[in-house]
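A, B, C and D are the chain letters, set down in written order, and residue numbers restart from 1 in every chain.
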Amino acid sequence: MQDSSARLLIRCEDQPGIVAAVSNFFYHHGANITDLDQHCSDPQGGTFFMRLEFQTPDLDMSGPLLEKNFGQAVAKPFAMQWQLHYAAKKKKMAIMVSKFEHALMELLWRHAQGELDADITMVISNHPDMRQATERFGIPFYEIPVQKDNKEQAEQEALKLLEGVDLVVLARYMQILSANFINHFPEKIINIHHSFLPAFRGANPYQQAYDKGVKLIGATAHYVTPELDMGPIIEQGVKRITHRQSKDSLKETGQHLERQVLARAVICHLQDRVLVDGCKTLVF
Amino acid sequence: MQDSSARLLIRCEDQPGIVAAVSNFFYHHGANITDLDQHCSDPQGGTFFMRLEFQTPDLDMSGPLLEKNFGQAVAKPFAMQWQLHYAAKKKKMAIMVSKFEHALMELLWRHAQGELDADITMVISNHPDMRQATERFGIPFYEIPVQKDNKEQAEQEALKLLEGVDLVVLARYMQILSANFINHFPEKIINIHHSFLPAFRGANPYQQAYDKGVKLIGATAHYVTPELDMGPIIEQGVKRITHRQSKDSLKETGQHLERQVLARAVICHLQDRVLVDGCKTLVF
Amino acid sequence: MQDSSARLLIRCEDQPGIVAAVSNFFYHHGANITDLDQHCSDPQGGTFFMRLEFQTPDLDMSGPLLEKNFGQAVAKPFAMQWQLHYAAKKKKMAIMVSKFEHALMELLWRHAQGELDADITMVISNHPDMRQATERFGIPFYEIPVQKDNKEQAEQEALKLLEGVDLVVLARYMQILSANFINHFPEKIINIHHSFLPAFRGANPYQQAYDKGVKLIGATAHYVTPELDMGPIIEQGVKRITHRQSKDSLKETGQHLERQVLARAVICHLQDRVLVDGCKTLVF
Amino acid sequence: MQDSSARLLIRCEDQPGIVAAVSNFFYHHGANITDLDQHCSDPQGGTFFMRLEFQTPDLDMSGPLLEKNFGQAVAKPFAMQWQLHYAAKKKKMAIMVSKFEHALMELLWRHAQGELDADITMVISNHPDMRQATERFGIPFYEIPVQKDNKEQAEQEALKLLEGVDLVVLARYMQILSANFINHFPEKIINIHHSFLPAFRGANPYQQAYDKGVKLIGATAHYVTPELDMGPIIEQGVKRITHRQSKDSLKETGQHLERQVLARAVICHLQDRVLVDGCKTLVF
């Protein structure tokens, strides 16, 4: 991912001429298109989605001006919803975690390796356990304990810290967030659920999978919406298990899967590859 | 799989000395053990499962006598449930199908290639469509139409045909079988469900998967029990799909998966590799 | 795949304005773009590749005229290599096979199910074995025996039959084709090799894999070039094997893999999704 | 894995009565067999392999005495090669690494999580880079620089440190070890090679894979023998790649695969599940 690249995401009613209009606009302003992906949800009356990556060095105007012009010349006539992201402007990402280390560690380690196009600005936890593991990577750690009677207050405290954050990753955060909290970050909270959703929603999916005797266990990364475990799925993975595995062994297998699936989903989001289509996603 | 091999399946309470008793017995009667697999469901007070494969040419007595002696000398003291199968005595297998060709074809074709250790003695369908495809392989085809008001009678007709059959494979048979029918074949009816169970039970799982936006679709082969889609799972598989795929394309992907998963499950059953443990299976 | 769709494949030096020029051209002639994929082999001085799918019903001119105009107005200035395929004009496909049934059967069966956008016009074999299996599907079968001293003559005979054919699929054809033969069908012969190339080139890859003790076996579908097993790879797959499997069992596992990998590669080719980039392919 | 368990590994000529003799011996000395796996390389005149896991609490004699008796009463008559490992006596494991962090981190992290049944007693490197990452986990780090003219001396230094070590893991150690060094640790050095061996042996396999245009990249964990990259394979994995991936992205994908494949191989070895059969392995 080069620092000079930018990505445009578009969603609108399908109609002829969109690709031509968009590619013309960028061509005439000196933007070299290096990647273009589009999809239409239905050939008849569907929704049009596009992701376009272009290089900015030869632009004939500033970014803000380009955006203003694009809005008037292209987006408005086609009634587009659109976003423009510059790779040079890294997203601010926060991680929320409880006591499990695996998903957090994978993200911090990949970030340290330069694999995540983001600044991880903080880790928030309802437990103190992950402080050392976090601060070792030079990242601020905030403990916000959550009890039955201070849930709202705890969320308010978190919201204050999270101001200006572009992405919140729930790396096995074991508290259910309120609709109010969630609505502050539409399509900007990613959760890892430790099952192949929609199988085994809710609590203790490994126990559920063990009891059911499935031959594969799964993990699902999804955007968080107010309805528990029902947000748009970004990425899923499975691993084969056998009857020889105990519940603990199954959990171990599952956790290795969780951290990979979550990391892949976060990377896709950070590269602006995920577009939400109702209760589903497109991953370009 | 050699014709001179036999397989012993054992299930009993776990206790010391089982392996020694069994292996001694077979050794002293001239049976060469070529494969032995065991599992205990729980180190404390669990159930013991064993699959043992041995060669019969040097046995010092006939099969029936061996079985009688084993029953008295080994099985009784340990209170075992057990079965002994001879590879030379092929299982009789029937296939029930409705209108979809893929799963039936895969089984008939693999059978013709010599991959299934079974005699396929008949195909039963509630529709006439698969007659030619079946008879082409030299296998008898019986059409038993099922309407709302003749369900019981149709099942009776099928049961009559199925007398003496060791395995019934539902290769996308689109009728729900009664508990009475199912109880004639305990752990002897294998169904292919076109989803990753327990997700998407019931009707039209591809539509359900499409609407939910999962990133992988699955197929599940399981023994049939009276509760719909809830029998012990034998084998599962998944394939990655993308947002580019239409419902029809997703169904196509799924059907290729179904036929492979079903064939693998049937092969495991025919090789006496599947042991049922309550609502789960062990596949040795 | 709708009958009214057409696909344009482009390869040229990367330079600004290609997407704009192409999408403009099609927009102004009434072609609705329903899919567009592009790739550049290198951000600096690389090769540009594009696949574009559009709908033809509202075109303002005939196909031949559109092609002529596109050639002059767009392709020439950018020095493009390009092809335009109409879904309504099905490709003519021939299959060459020796004695193994699995890959041939998979293709004939999928074709009968409507999964291959092609007319299978013939099956050619150096053995008589597959005649019945082929003719059952209503497809002409030609036996052209190949001996040491008639290789060239046999190829001439085959070439005569293959005149006008758009794709030749080697579904385990066990003769090495001459460079002369191959040069008649550049990027139009697909072979299935029964290993994960470039491991185990040449004869008897299953034996090689067995002797080496690999934990996964593979299959590779590739375009045929004069250098044996070295053509551009279109698709690959692997399956896990265990030490319990005999050489025969390993071969069985492999053959199921072969037929799937070959079918996927053929489908990609028929949908004009494969572009060759030197000794590699892009699969859009 | 319980601390009271022990594992017996056996290799001998196949012959009748082995299972009976072994299971009898352990039964009569109060050892409860909790797992038993066997394999014969060939039904006719093959080699017999067995892994047996038993619980020690009710043994009627000490471990050393049991071993002595087993040697005389069972192993000698059958001319067995055998090893007995007690879970309570953890293996001593050393890691050798150069500059890449991913494989080392995965092992240290899994060890900290309690997933590796071993004491990691040291990390040896020819570079200083990994000192901090290692010592953070409380594990001693030794730097032994290797230049052209001190290779032998460096190996001698390493051998001295490695005295008494049960397993040496090469977590991307970029020096070729001498036959002399390797012969100190027969079947006790595990290397991770960053390709699907035997494809892409030698240097820079990612470049090789990129140039070849394979659709899957692989990683291979194997025991080290004097012939480079040719030792018995323990575990392999692959991941799908696309033409969109740059060489760097391909390397990134590969490194995530490497660390998983290596960890799985090390875990199998530590649980005494790997038996070497010539140039191949059996993994029970």
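The definition used in the following text is that a contact is a pair of C-beta atoms (placed from the backbone, for glycine too) under 8 Å apart; a residue touches a chain by one contact, two chains touch by 3 or more.
Note that the coordinates shown come from a computational prediction; the quantities given were computed from them, not determined experimentally.
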Chain located farthest away, centre of subunit D as origin (C-alpha): C
Result of counting contacting C-beta pairs for B-D and C-D, higher pair: C-D
CA centroid of subunit B to CA centroid of subunit D, Å: 37
Computed distance of Cα centres, subunit D from subunit C, in Å: 42
Where subunit C touches two or more other chains, by residue: 39
Partner subunit D, residues of subunit A touching it in the complex: 35, 101-102, 105, 109, 113, 115, 136, 252, 256, 260
Residues of subunit D defined as touching subunit B within the complex: 2, 16-17, 19-20, 23-24, 26-28, 30, 32-40, 43, 55
Subunit A to subunit B touching residues, read off their complex: 39, 196-200, 211-216, 218, 232-238, 242-244, 277, 279-283
